[in-house]
Amino acid sequence: MPWVSLLILVPLAAAVVLGVLPARERRAARGVALIGSLATLAISIIVVALFDRDMAVMQQVDHLDWIPAAGVSWDVGVDGISLWLVLLTTVIFTLGTIAACQRLPERRGPAFLALIMLAQAALLGLFTAGDLILFYVFWEFMLIPFALLIWNWGGDDRRGTGMIFVVYTMAGSLLMLVAIIATALTAMDATGELSFLIRDMQGVAFGEATSTLLLAGFLIAFAIKIPLWPFHGWLPRAYSQAPIVVTILLAAVMSKAGVYGLLRIGVPVFPEGIGNLLIPVAILALIGIVYGSLLAWRAPTMRLLVGYSSVAHLGFIVLGIIVIDRMAAQGAVLQMINHGIVAAAAFAVVMMISRGTGTGDMDRLGGLAKGAPRLAVAFLFVTMAALALPGSNAFVGEFFILGGVFDQYAWMAVIAMLGVIYAAVYMLRMYQGTMNGPVRGVTDDGRAAEMGARDAIILVPLILMMVWIALWPGSLVGATRASTDLALAPAQVAEGRPVEQIGVLPARAAMTPATDPAERP
Amino acid sequence: MNAGAALTLYVMAAVTVAAIVLAVVPLPASARRLPEAIGIAGIVATLAITVTQWGERQVAFNGELRIDRFGLLMTWVIMIAALATLLLGWGEPAAAGRRREFTGLVLAAATGMMLTVMSGDLITLFIGIELLSVSLYILCAMEVARERSLESGLKYLITGSIGTALLVYGFALLYGVTGTTSLAGIATRLDSVGGLASDPLLIAAIVLIVVALGFKASAVPFHMWTPDVYQGAPTPVTAFMGTGTKAAAMGAFLLLFTGATSQASGDWRGLIGALAVATMVVGNVGALLQDNVKRMLAWSSIAQAGYLLIGVAVGTTAGAEALIYYLFAYVAMTLAAFAIVILREREVEDGDQLTAMAGYGRARPWAGVVMTLAMVSLAGFPPFAGFVGKFLLFGSAVDAGMTWLAIVGAVASVISVVYYLRVVIVMWGPPADDRSTVRRLRVPPAVAAVAVTGAVAIVGLAIAAQPMLDVCADAARALIIP
Amino acid sequence: MNVPIEAYLMLSLALLALGLVGVMRRRNPLMLLLSVELMLNAGNVSLIGFSRLWDDPSGQVFALVVMVVAAAEVVIGLGLVVAIFRSRTRLDVDEMSSMRG
Amino acid sequence: MGEKITFAVAAIGALGFGTGVVFFRDAFRAAVSLIGTLLSVALLFIVLLAPFAAAVQVIVYAGAIVVMFLFVIAYLGERGEVTTPDRLDRWQVIGWLGVIGLGAFGAVAVLDSSSAPAEAAPATTDVGTPASIGDAFLSDHLLAFEVTSLILLVAAVGAVILARSAAQGEGGR
Amino acid sequence: MATALAWIVLVVPLISGIVLAGWPGEPPHAVTRLLGIGSILISFALSVAVFVGLLGNAADDRSFTSSAFEWISIAGTDVDLSILVDPLSVMMMLIITGVGFLIHLYSAEYMERDRDYRRFFASMNLFVFSMLLLVLAGNFFFLIVGWAFVGLASYLLIGFWYERPAAVAAAKKAFVINVIGDVGLVLAAFLILRELGTLDYGEAFAGASGLGANSGTVLAICLLLFVGAAAKSAQVPLHTWLPDAMEGPTPVSALIHAATMVTAGVYLIVRCHAFFDLSWLAGDIVAVVGAITLLMAATVALQQVDIKRVLAWSTVSQVGYMIMAVGLGAYASGMFMLMAHAFYKAALFLAAGVVIHALHDEQSLDRMGGLRKYLRVAYFGMGAGCLAIAGVPGFAGFFAKDDVLASALNGGAIGVFCWVVGIIGAFLTALYMFRLLFRAFFGPEPAGGYQPAPHPSRWWMSVPVVVLGILSIVGGWLQLPFGWTEISDWLLPVTGEGPAIVEPTHATEVVTIIVSVVMALGGIGLAWWLFGADPERRIRLAAIARGPRAVMDDAWRFDEAYDDVFVEPGREMADVMLTRVEPAGPQGIITGTVAFVRGAARLVRSSQSGMVRAYAFWMVLGIALAGIVAALIAAGGS
């Protein structure tokens, strides 16, 4: 069975079914959405079960020519970098669908679910695409469902927000499209064949200047999507204005698209270019860590707080990838999953508090632990994971990211540690500000916000996943090793890193150097 | 003399004349739709003939007419546009009482467009362009009771006449440089005489031809008539101008530059590239603040002309291939969008205003989906035809070492997202209170057919891109005169 | 050819420029059409000049076609001008600007 | 020599009358001035050994077209030249700059060109005779000839449509 | 066998904590007690069994590691979930579970009337588990995990009464400062990982010498480790959280903020002595910091009115002694004092708790006096503790402090300095502790007497106070001057014998004993003169040295300085970021672009004037521009 293709097609089919359902068929819509998401989850579990941990390259590949004349194909598969992201996507979307079904918008509920399914299909496609054009297709296409969700069900400023979200992201990604084309055409000079398959481009020696230029094109898109400071302008708006379920999906899954692209394409395809852009990108990531932390500290609402904290957290992940260190990169892959889980849980808590109290304003809340002790416990879990308390799942990732970074550039790790300290400050501000102190902002001690069974269905699985990763991160990291080593190796060689730091030595002698596209007639 | 090769032209000319004659002759009420029926039959016959003619080049009228894959495929674009225009005009209340001339004039314009893309000679090319222009002047002004229709006609005519004069002058200079009006002859002479490729007079000719054709294709800064004329003209005519004229102008560009003067490509690549850049940027920026959908689509057609010009500017067959593919996509997207506008126009007063679209997606979800598809595809979102086209165009630019064109195109596309998606937002948003369902008509099947076919094509052209591209590649190769 | 072709071309260029100036300066729609005729004539002078230079009839054929086309455009143009300005007091194309922006 | 003098006369006539077309305030005078230009150009055609084109120029252009203009001018009556201030005055500068630039560019192009045919044009030729033109129209340019008729047909239809509207307007008022 | 038991010791409190935390609703107190206290009792019993088991082995056969599973393997670094059972960790286990059990017992009564009885015990059990993980961890990674978990438990228990803003703020402060310590520890681990390629204790310590004595790397490792230690053990300048931590319930203060957690820094240095042995500079820095801390804290303790705060500052000071000792290389002395301190400080806190409980949460010394009549048990506990801490011969504190100081005198010039500071500290200790004793238990009752009368504690609370009081006396007899060195011998396999190890000699012991006894008695005497003999005297003398005393009262104004230097500027910077930089920068990219494009769009629209002649202008201009472009291209091309 082409499981990986099914992974994309099943939610797509569910979206189509939901799209043609009349708006009043809310029960049927819930059923279709739940079946669709659970089926996707099941398929992703099959994919994980069939996964061969020792294989570095893409596996379970489904290949179908789409536009052979232009070298474009439907090429999907999984490898160690994408495997857990796929599972994260299906899990988070299942939970998101459940949350959406529990409180389906009054207006056009089926359409809401249809768009969520569409977004899931796009994200799964993005994480499995082995063809650059296909990657781009999903990268862009994902904007449509998210934008429509914001426009139709978002907050007061939904129109401008959705527009900025789409346009800002597109500004980067259309330049990426140009870079994609340029990359393939330059690679064609070396290989003699026009192909957009990432695996065909790996190993092509672009030359340092070309490589840097092309990578810069990709980086603009990634930087906006991640978002890397100072390109995060869309994030506070989108996270504040989107329906909260959508914010969960944005923060947990979509935010991984950029860093995933960096590791999937940026590092392995342009090893010669990394060296020139390593320090600038790392500095932006470091600024983002400190800046995001400071803003999270003073953010007026919970959504903004978690949103800005995401800027900081993703800074860590970027740092982990860009320093080209095996430990840091594997830590970064793990941290993508961790951040997905933690961000989802954090926004789920925000959802419950906002719903129970009618406000997300930090200054107007306090003491909810009195009426909502179970929520307080769950929230505490989430807080500790979010501030990466040693022993939490997030710490594992952060520790190995920074360990690897420290190995290469100790000063970066030291600066990044500021973010670790600030994380404690702002996360405790959020937890204590809402849960502790005298009761404020509510008349029922916060009992309305208490975690009921319906909320627990969403939050408890997330917490269990946190515990699982905290207890045995090796179960995840074992699968990522081969692929990350392979992805990093060319860049490590190009950077002249000591041979003992390199996981696998790339065989690239067969490739002839490509000429610069500008030099061609 | 190979008269059979020119069969399409005969058919089109015959139905045109028939339709015009029938417009003058009094007809019984039962035969009211006869001109349209004849016109549609003629178009279908033309399309059928082109299929049988698909193959190596044939020449008719001593080389005045070239029946090759390029001309045939471009004929398809034009005939699709003409057919859709007839369907969109079917029962158009605004054109009531003029319907019979409408058909004849659309057919005449289509004939002119076909002649343009099939011509093998400067004179034929000129006549083709003039035939389509003159027909369109009248079509624009055809709603004589409406001041704006007349205004649009006169504006088009005045600016168009200037364009004509410049085209004549440009052709005259080209003739003066090469001593022949035959496209093949021009190519041969440029090929055989050294130093001719950078002759100042040739450059002057190229500049004037670029300007004149740029005018027809509404390239910046020769675009200024476009918004006014598109807005004022009857909407089916606007749709026709947006698609057919654009196709014919692009066909003329390809024939004259990528085809006939490819030896002098150094003279015009940068020029047309600069034109494309200006067109993409100004067109998209101009569309931003428009509140009238027709006017917005006019600006959008300017911007799209910019993307299309990339395919000319690169000067390669790959560029031509991408251009032709994108033309098909563009025609599908534009027709689908105009079909929805026409639908709304028939229901409410000022149906072409953006506010009239408010909540339309909720009132008629299928129309909302069609419009959304059209807008999203025009904005270049994957995985739709508009994206594949842009991808191919940008690819041809990068391949030709004109990456800057692709970058400007990318930046301009970002701007375009704003106004295209604004339509989507408004459509799916809450309805404006006063005009939500003023007149809810039975959906005219002809208009619906155009809309749905367009939407299907938007998706289908992307999925079946490869077969389509094979055809386009054949057509592009036929441009090169051996 | 005793008069060099350049002379004819310069003359036609001057006519073209005159026509353009007319188009820009005159607000009477009829004068705009007249100025366009000047420009078309400029083209014709070049065409026939080149026809003479190359000793080739195509240029003259082209010029004749242009004359016919000019006639057709004038017919439509005058019809439009009449239709629009019959009811107005001033012959001013600048008044014809209800659509803009 | 005679050719040069004729050219000079025709050129001065064409430009002089052309200036009149552009600058005469009165539409009637401008239209008459156009006749002068057209006749001057016809004279040039004769110099260029294109008698048939010259004849058509005189008959069709100067005769038919300008007469039509005069009719319309007469029909629309004495509306006079517009005297309100020109809102586009400041744009005129741009226009003039453009014209000057265009002229300079054209002059350079014309004078720098080296694209003339290898052998000089013959002193006499019969390409411009009605017979050879007719021959060209019926052989190499048959299609142009045929389609031109279509343009005229369309123009006629257009005239009818617009005229009918004019008639309706007349009746309605 | 030993390791298997140790695993159980570790896991039992965790399980009971999870069960308590996850219990739906509030279980009966009996259940809570059974789970909460019983689990610690089991752990204590098994710890004793481990200890006995190790005693049966030869001295060089008392170190065992046990790995549960390969927790992660990443880029050539393997981290196992492993424990290390050796004399040091066993000693810590005994203290943690032993003192922990007593305090749990005490809490059963102390927290009886609290709404969140279950939550309290769940948190306490979590703490015991975390502390055990800290001391049992077999590698740096899990050391850090335990280290952070005790911080978390401390946070939870300081902020146990979460409705009180002061408690919440104190909890946050403790947590954040502890995170700073964690960061130091993590960086140290990174450095070790980078230089030695391992996080495992055994491999790291074995390879330490390869880094070279007194090398920069070793110094950096040691100082980073010490950042962690200082944060956890409340050493200057990271001590400010501990006094505030008294916002937590008193048993918490006794267990976490006196007996066990705050001494983790001492444990850490002893555990990592392999590094400290290699860098004399690092050791001296540690010792001097300890010395400064002990003196500074003692002066502050003199001024406190809150009974718990006196004890808190006393804890800071006492831990300063230990840090000083281990910094100098007197590892065994430091560990000995750690143990003794656990006994007497716990006794002091629990006795104070009895007082507070009896006076219905009254903590101010100003409203105490003459309590010995009412609270005999507390008086015993407090008295024993005071005698011990003051260093009165025969009590635990005497032997421990004497051991530390006697060692210090052998520690070179820095050692002598430390000895002097320590002696002064001993005098101050005696003074402030007996001030507390005299003001609370002697003298007249506060104006108006006690309403209602202080009630004595029941056995739940009494037994631990008495037991710990007794331990404060006998606990010191494990290591006596002049040769009876049970603690040193026990720890010998861990600390080893090397040039860096400092131990007392007979001569130093004699000198130290004489001087320190004089100092202690002097301090007690002064306290009696000031506070005991005539309660009015201190009021009469209140004007003396008002300025310096105000500074001491404000704890040398560290908090204010931190506010001025770090917190406020940071907050201001963040506010500037939020209100200025963000709108101008990241948001400015958006708003600026939007404004720019909008302006361009307006320009394009305004050029579209609707007048056809204007279009002609543009066309003409366009032709000219096209000509220029074409000419330029042609010129460039040729």
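Worth pointing out:
Which chain is which? They are A, B, C, D and E, in the order written, and residues in each are numbered from 1.
The criterion applied here is as follows: contacts are C-beta pairs under 8 Å (C-beta built on N, C-alpha and C of every residue); 3 or more make two chains touch, one makes a residue touch a chain.
A quick note: this is a predicted structure, and the numbers were derived from the prediction, not measured.
Fewest steps needed to get from chain B to chain E, stepping only to touching chains, is 1. Between the interfaces B-C and C-E, more contacting C-beta pairs are found at B-C.
Of all chains displayed, A has the C-alpha centre closest to the centre of the whole protein C-alpha set. When you average the Cα atoms of each chain and compare centres, the chain farthest from chain E turns out to be D. Rounded to a whole number, the gap between the C-alpha centres of chain A and chain B is 42 angstrom.
Centre-to-centre, using mean CA coordinates, chain B is 30 Å away from chain D. Computed centre separation for the pair chain C/chain D is 5 angstrom, with centres defined by C-alpha atoms.
Mean C-alpha positions place chain A and chain E at a centre distance of 37 Å.
Across the assembly, chain C contributes residues 5, 9, 16, 19-20, 23-27, 32-33, 44, 49, 53-54, 56, 58, 61, 65, 69, 72-73, 76, 80-81, 83, 93-94, 96, 98-101 that each touch 2 or more other chains.
Shared contact sites, meaning residues of chain D that touch two or more other chains, fall at 87-88, 92, 95, 98-99, 102, 105-106, 108, 110, 117, 140-141, 144, 148, 151, 154-155, 158, 162, 165.
By the document's touch criterion, interfaces exist between A-B, A-E, B-C, B-D, B-E, C-D, C-E, D-E.
Those residues of chain B whose C-beta lies close enough to touch chain A in the complex are 376, 380-383, 387-388, 390-392, 394-395, 398-399, 401, 403, 406-407, 410-411, 413-414, 417-418, 421-422, 424-425, 428-429, 465-466, 469-470, 473.
In the complex of the two chains, the chain C residues touching chain B come out as 5, 9, 12, 16, 19-20, 23, 29, 32-33, 36, 39-40, 42-44, 46-47, 49-50, 53-54, 56, 58-59, 61-62, 65-66, 69, 72-73, 76-77, 80-81, 83-84, 93, 96, 98-101. Only residues 6, 9, 13, 16-17, 20, 23-24, 60-62, 64-65, 98, 101, 104-105, 108, 111, 115, 121, 123-124, 127-128, 130-131, 134-135, 137-138, 141-142, 144-145, 173, 176-179, 195-196, 199-204, 207 of chain B touch chain D when the two sit together in their complex. Every residue of chain A that touches chain B in the complex is listed here, in rising order: 65-70, 72, 133, 136-138, 140-141, 143-144, 147-148, 151-152, 159, 162-163, 166-167, 170-171, 174-175, 177-178, 181-182, 185, 517-518, 520-521. Remark: chain E residues 597-598, 600-602, 604-605, 607-608, 610, 612, 614-616, 618-619, 621-623, 625-627, 629-631, 633-634, 637-638 touch chain B in the complex.
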